[in-house]
Amino acid sequence: MLDKIGIAKRIAQEVKDGYYVNLGIGIPTLVANYVRADIEVEFQSENGVLGMGPFPFDGEEDADIINAGKQTITTLAGASFFDSATSFAMIRGQHVDLTILGAMEVSEQGDIANWKIPGKMVKGMGGAMDLVASAQNIIVAMMHTNKVGESKLLKRCSLPLTGVGCVKKIVTNLAVLEITAHGFKLLERAPGVSVNEIRNATAGQLIVDREIPEMSL
Amino acid sequence: MLDKIGIAKRIAQEVKDGYYVNLGIGIPTLVANYVRADIEVEFQSENGVLGMGPFPFDGEEDADIINAGKQTITTLAGASFFDSATSFAMIRGQHVDLTILGAMEVSEQGDIANWKIPGKMVKGMGGAMDLVASAQNIIVAMMHTNKVGESKLLKRCSLPLTGVGCVKKIVTNLAVLEITAHGFKLLERAPGVSVNEIRNATAGQLIVDREIPEMSL
Amino acid sequence: MIKKTVQSVTDALEGVSNNMTFMLGGFGLCGIPEQAISELVKRDIKGLTCISNNAGVDDFGLGLLLQNKQIKKMVSSYVGENDEFERQMLSGELDVELIPQGTLAERCRAAQAGFPAIYTPAGYGTEVAMGKETREFDGKMYVLEHAFKADFAFVKAWKGDEAGNLIFKGTARNFNPVMCGAAKITVAEVEELVPVGELDPNQIHVPGIFVQRIFQGKNYEKRIEQRTVRIR
Amino acid sequence: MIKKTVQSVTDALEGVSNNMTFMLGGFGLCGIPEQAISELVKRDIKGLTCISNNAGVDDFGLGLLLQNKQIKKMVSSYVGENDEFERQMLSGELDVELIPQGTLAERCRAAQAGFPAIYTPAGYGTEVAMGKETREFDGKMYVLEHAFKADFAFVKAWKGDEAGNLIFKGTARNFNPVMCGAAKITVAEVEELVPVGELDPNQIHVPGIFVQRIFQGKNYEKRIEQRTVRIR
């Protein structure tokens, strides 16, 4: 079974040379730390920066340079700043190659819910609805089950949707899965996790149509 | 009767302090020369400049700094350059206060035709259709009649339209007229021109509902 | 050159009154119009509708107006950092319209650029699209979203000149440029107000035509919401 | 940092072929992609659809492609400075679609920003709106205009870096920024190509994400169409 860092490491393998990548808050943010050093990737943050670098050294924070999680950041050579309309032109216009974000629920049709729990948590969707409605390549990073052990991979989402039929791939603490016309297709198992454990933790249709390899990290 | 410079001088009186003004090619371009020196006005050109100044001195032309008529220009302190989308955001968003342009025909409903003579002259509308569709304050600068003496102020335009019901005021070599619900309302006569001469040169409905003063230039 | 300078935030806010709709620039606490917000708190006008990506934190930014119960309705994309906000929303005191961030930006730009409405894919199939017109183009579904209508836009820039030209710094740019000219009156506050001619005309982020009033702000706090650093 | 640099105009135009649709920046002869146009003339590909505000003059800019009869269709707003253009159009050799300048700009931006279509008031009630959907919003009529679809966009900037970031000079900016990212492949030629890190990230007009290939142009002519001066 993977921890959050393990999930980030596995997702980092999906990041290819030449990709512009938008990382959501939480596990996705960690992905930046594990991208191969020999490829060129640029990180976009929807509040208006392309070419994000690491966090600043203590004392070098600049209140005017933050990411979408409101964290102080730095920029790399070749970076640019722009307004919110231009930022979403990049996203809506499909110039961003890969979007990685967290989810509370994903359905076997690729629907995603991650912005609202009615009557309980209403923080808002931020840029997530624009990202999922436009991105051609969306990977969800999340735990396979919630805190009380219920599956987050469902036949239908129970929470208000963020987007419909948009998720392509899911990386959880247990598995890597692809959304297909027939449901969640199991691609890889986390180290030490059996297909049965994955099946038990998946409420939606799970497709196992071949020998499932363990992921290599 | 006015010449082109006279028309420009009379229109210059319509330019008020604090106005952003877009000047079309031809007579409108001359208006800039006669605006009162004690008011602040900025000229916008739709190819992407605000704060146009006079033509450059010989030898100081810059191929990268032109107006919408493709003429070399200069800029004044406080000027800005911008792209075509931003330029038409200024126009369509009604941030430009006054548009002055030429016309081949104007109808008594305020329709204007100035971009095409079918089978003969097809240069294109450039920014004129955006300007007339959006501007709240449009003044047409033109000769009252064409080269063969036919009126250019018509019941209906015969040429393909540039815009419908958009012209507010017309300044010709003979008169100043306002478009009203009932036709061309005569406001002023050019020096030495009689109401009858204006009536004879106007094919559309001319409204003369009071003593018509001569314009003061 | 048309001068937009006013001498103080008091002059800049001339004409604001109860029940108006305001746009406010900023993302989180970054690039927010601090001085305009302070003055609005001081004037104690009520019943406001505020269009702003976020709602500040409890004791800074729009949170100050919320604490003071001056806001009737918020139109935002993310409001997760403000406890008083959540309390007022869940109790029904505050009307909240949550919309996608890109939609928020483009509804501002539509107002600025004279577009009545836009078609965006964001929110299709979700409750955001409920009751809204949807339409297919090239096999993909879009939601029709309308341009905002606002009385005042309050924006904050890094540098500005007396003609109203603005330049922003870093990610403090965010929603500020798209809100300029998107309301009846745009008020810009700047960290540094310079005479005309000092800014390179090639490097203006917002031409002065989109700004009606500009003033030199004082004592900016520029609070950092999530100070995140790495070890040397 | 993702490098976009190619070594020559030859490499930059890899993949262009007959019957493609191109966008070309520039207003008049100002800010046109001179080198890309020369290379297209050299390659002699035919049946092109060109989206460009103007069509050059007889012996420069797009006029060179017209002389060579490589263009099947022009989509422009103003074509008044080109005799060969007029001849081909009136004789029916050349298909011409004339559209309002602001509509041209915004159909490019729609393609860049992922909007399928826009509503603009320009052209309502004229032959430009014939056969197009119209609609009333708030008592005003608008025409539905669709995003362009193009294979290549050729733009010309003043400075650029290896990441594809672009800066323009004066009114040579015009349509270039809105065409970046509005075609499948955007090719930028620059007067000065600099290493990454030399351009101020605050002052980039077009972020590199919108540009696929960039190259250093040589021997720009930058012809002036209407040299207009005043007496000293």
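Side notes on the structure shown:
Letters A, B, C and D mark the chains as written, and numbering starts fresh at 1 in each.
By our rule, a residue touches a chain if its C-beta (ideal position, glycine included) is under 8 Å from a C-beta of that chain, and two chains touch if they have at least 3 such contacts.
Note that the structure is predicted; figures quoted are calculated from it, not measured.
When chain centres are set by their Cα atoms, the one at the greatest distance from subunit B is A. The chain pair A-C and the chain pair B-C differ in C-beta contact count, and the higher one is A-C. Separating the centre of subunit A from that of subunit C, both taken as means of CA atoms, is a distance of 28 Å. Centre-to-centre, using mean CA coordinates, subunit A is 55 Å away from subunit B. If each chain is reduced to the centroid of its CA atoms, subunit B and subunit C end up 36 Å from each other. For the pair subunit C and subunit D, the distance between mean C-alpha positions equals 33 Å.
Taken residue by residue, subunit A touches two or more other chains at 81-82, 85, 88, 91-92, 134, whereas all remaining positions touch fewer.
Of all residues in subunit C, those touching 2 or more other chains are 109, 114-115, 120-121, 168-170, 202, listed in ascending order.
Taken as a contact graph, with one node per protein chain and an edge wherever two chains touch, the assembly fits none of the named shapes, being neither a line, a ring, a star nor a complete graph.
Here, these are the chain pairs in contact: A-C, A-D, B-C, B-D, C-D. If you check the complex, the residues on subunit D that touch subunit A are 1-3, 109, 111-115, 161-163, 165, 181, 196-197, 201-202, 204, 207-210. Taken together, the subunit D residues at the contact with subunit C in this complex read 114-121, 137-138, 140, 142, 146, 167-170, 202-203. Looking at the complex, you find that subunit B touches subunit C at residues 18-20, 40-42, 44, 49-51, 75-82, 85-86, 88-96, 134. By the touch rule above, subunit C contacts subunit A in their complex via residues 27-31, 53, 76-81, 86, 89-90, 96, 98-106, 108-109, 120-128, 158, 168-178, 205, 222-232.
Listing the residues of subunit B that touch subunit D in their complex gives 45-49, 54-73, 81-85, 87-88, 91-92, 111, 119, 122-130, 133-134, 160-165.
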